[in-house]
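The same subunit A turns up in both complexes below, where it pairs with subunit B and then with subunit C.
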Partner chain A sequence: MGEGDLRQMLVDAIDGSTIVGLRRSGLMEGFLDGTADIPFAALEMDSMGVMELCIAVEVNTGIEVVPAELVELGSLGAVVATILERQQ
Partner chain B sequence: MPDQSSFLSRLAAHGDAVAVVTDGLAFGYGELVRRVEARVAGLQSRGVGSGSVVGLELADEVEHLIASLALIAVGARHVTRPTHDPAEAKRALSERVRATHVLTVDGVAARDGVPSEASGAEGIVYLKTSGTTGGMNVIAFTATQLAEQAQRHPEYASERLLRLASIEHNNSKRHRLYCALMGGTNVFRPSGEFDVAEFCARHGVTCLDISRMHASDLAAQGGIGRFDGVKLRTGGSAVPIDVRRAIEERVTPLLYVRYASTESGAIAMAGPGEHDEMESVGRPLPGVQLEIVDPDGNPLPAGETGRIRLRAPGVATGYLDGGEQTASRFRDGWFWPGDVGMLRADGSLVVQGRQDDMMILNGINIFPGEIERVLERHPAVKVAAALPLNSVVHGQIPVAAVELVEAASVTATDLQRFAREHLALRAPRRVIILPSLPRNSQGKILRREIALAFEKGRRTT
Partner chain C sequence: MIDEFFGHIARVTSINMLNLAIIDALNVMTPTEVIDMTTAMHHEDWRFPGKVPAERIEEFTDNARAIVSHTVRAMYNAGKPAPERYTRFMLTEGVRIFAGTTEPAGRVLIVAFPGNGGRLMMPLPIILQHFSPGQVDVVMVPDWKKANYRFGIPPLGNTLEEALPKLSKHLPGGYARIVTLGTSSGGIPALLAAPIVGADTVLAVGAGSLDDVRWAKGNGRSKRQLMEAAAPGLAGRRVTLAYGAQSPEDEVSADVLTRLVPHAEKVKVAFDDTEVKHVALLPLVNREMLRPFFEKYLGLH
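Then we have the complex of A and B:
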């Protein structure tokens, strides 16, 4: 899965989940075209949201990320970078 | 020696009733018995009798029925070797049941090096069913058991029954035999494409028994009024309420949804006026004792979800050679179909899913059936199959594959969002759209193949 697909996958996963801050952040378009990052704080994720993001990463890429590890990453851009790194 | 005259006398007792109808043929029970007797003589002249195990490979449905009745009458055991199965599958089935003979359009041939073994006095029909681990289980039903199962269908005595699936399929075969045992009329379809409604009208079909997939197709085609007076009976997998409503409105109001298993035959059936949002399969059929129990086997009151168990005359008592699941499915005097459900206060049964299929995602119990029912409510979805992907972190992650209706335009993300709106945390976390869901020759969806598609997708896309 390339970087663009990964970004789209994360947006789709978040958009269809309990995480409410994505559209309110105003950063979605920039994140999709790779010109902006979205910090987790802007996503307004609770623990359930973190879990959902972990599931989305695993079910779409096969890469296992535990919630604590995901929180440490701090932003969606860092999630993308981590997946790309582990895919290699 | 088998009591051949006793078995045939059951058929002869139906007197002048019409036994068989096709586009070019119609005859009564007297003629059916004569044809069966002629086949019996042919079998016996080739040494087929009690102790023989015969692989029956006849695509012609009338000839198959006659041969099947004859094999029962001579006290042989027999299994259908579907003509459409690959040669290796046929060979494996013959090995599994230790077939001594094969009966085809060319006649009866003995299989080299397979001796006959002593058996009981009754003819036996082997039906095969898939095991939960991918293996095959074989069930042996005596003629008496089949006759006991047939008693759950008293309506067959006056039915003119059409089934679209060939008699080479297990379920069609057992219902064709029930119909003959009860004195009804077996109406057989022509080969190839045909106008089902016109055929039903021309031959006075009173009951059309079809798969849920065929039922959905009929509802999609419409043709209101073309099936007036014809009962449509379906089952085999959960039938969502939207599909039921569509059939009632666009095909026939005489809709029957059956809950059954290969091991038991029909268990319950919901008829007209019994279809609701809970998607009940109706009350247990006459003679069926059914309970919902907790994991310790204690019966649960109405409204509580638990494991389904049942007993009834004619239910199997195990699989051939023990099989892979005999100990778990047949115990304590009950048959455990492996389903989870609840009985409502009115005695009707709601089947909620397969116990074996239940997924646990971070502690949440999720049944594939609930996901499939929601996805199939989406107008673009023809059929859905949900399944778990194993996860070290989360347990099992629910995902789903769908087949769309023709010319539908929807994305996987749209469907995932739709499911999320209805199922919240029980929704599939990934949905894929396939041109068609992989199925076996009997139309059963092959979830293992779908799982492979997901696994592949996780690595490469």
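Then we have the complex of A and C:
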């Protein structure tokens, strides 16, 4: 999966999750076109949201990022970078 | 249910799939089932049963125990000595009722519309533990597509205007009262459903925006159009729109809704020592305030 597809996948995953901050952050369009990152703090993401995001990453890419690891990444851009790195 | 759950997790090979299995189970389990499950998982001999490398079994075991323990701890905040005894039945595909053992006469039916996670801001057993099966039965009407109900409630209908009347026909009769409860993206469906199912009371918590752009890609009419059409039918019904004090977007949504439903009461959930954002019901649990909150705004006395 390429970078653009990964970004779209994360946005779609968040849209189908309990995480409400993505669209409220005002950063979604910039994230999708690769010009902006979205820190987790802007996502209003609780432990359920973290688990949902990890599940979506694994289901859609086959790459396992566990919740504690995801929290450490700190932003959606870092999640994209991690997946790209592990895909290689 | 418990055997099915343990059989399911025996097949998972990653922490995330284990979490998914537990989340799904906690969306449909009763309080007694959760207690049975956590008792089994906390037996000293219990180990995660899946086929994972030996060095990861402890990690999987601890992970599973931690999630269910968190749920059980929250259940205890209801202040009851034992798990409430609800029995789960399927009313129609995707729609379950969690019923007490007594007849509906004199009791209340709660028709609940959860948000995208399929839950009312917390695992279902926590919610059920805060009700009394002698007083209420709960029907859960999730959007299994996790699409904010913009494709209706499949398979009941691919739009809300099609699905809600069909839902009404599946609801059991004989209750003294019907109320609707919706959280997050389930808030607007709870408002729309009230006149259709004959609810006298609606509680919507953190209801989503009427102008959610995602609905532009949905089926049927927009949320705003649906609410404009439904608003006159809410006259004479008690409507409460609750939101977290630190969730300005939800406050704006409540303001917009009160323009359509002027008699609706806005309730700000606020604490001095904690920010209350979108998930406004959760901070009530630890403070042992969820039960009185439901009693007050769903009229359960």
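The rule is simple: the second predicted complex is superposed on the first by the 88 of 88 C-alpha atoms of A that agree within 3 Å, B and C clash if a C-alpha of one lies under 4 Å from a C-alpha of the other, contacts with A are read in each partner's own complex, and residues count from 1 in each chain.
We adopt the following convention: a residue touches a chain if its C-beta (ideal position, glycine included) is under 8 Å from a C-beta of that chain, and two chains touch if they have at least 3 such contacts.
As the structure is a prediction and not an experimental result, all values here were calculated from the model.
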Which superposed partner A:1 touches (first subunit B, second subunit C, both, neither): first
Partner chain(s) touched by A:15 [first = subunit B, second = subunit C, both, neither]: both
Which of subunit B and subunit C A:24 touches, first, second, both or neither: second
Which superposed partner A:54 touches (first subunit B, second subunit C, both, neither): both
Subunit B versus subunit C as contact partner of A:44, first or second or both or neither: second
Contacts on subunit A seen with subunit B and repeated with subunit C across the two complexes: 15-18, 48, 51-52, 54-55, 58, 64-66
Residues of subunit A touching subunit C in the complex: 15-18, 20-21, 23-24, 44, 46, 48, 51-52, 54-55, 57-58, 64-67
Touch list for subunit B against partner subunit A, complex: 361-362, 389, 391-394, 397, 399, 413, 416-417, 420, 424-425, 429-430, 454-455, 457-461
Touching residues on subunit A, where the partner in the complex is subunit B: 1, 5, 12-13, 15-18, 48, 51-52, 54-56, 58-62, 64-66
Sites on subunit C touched by subunit A in the complex: 14-17, 19-20, 23, 115-117, 119, 146-147, 184, 206, 213-214, 249, 277-279, 282
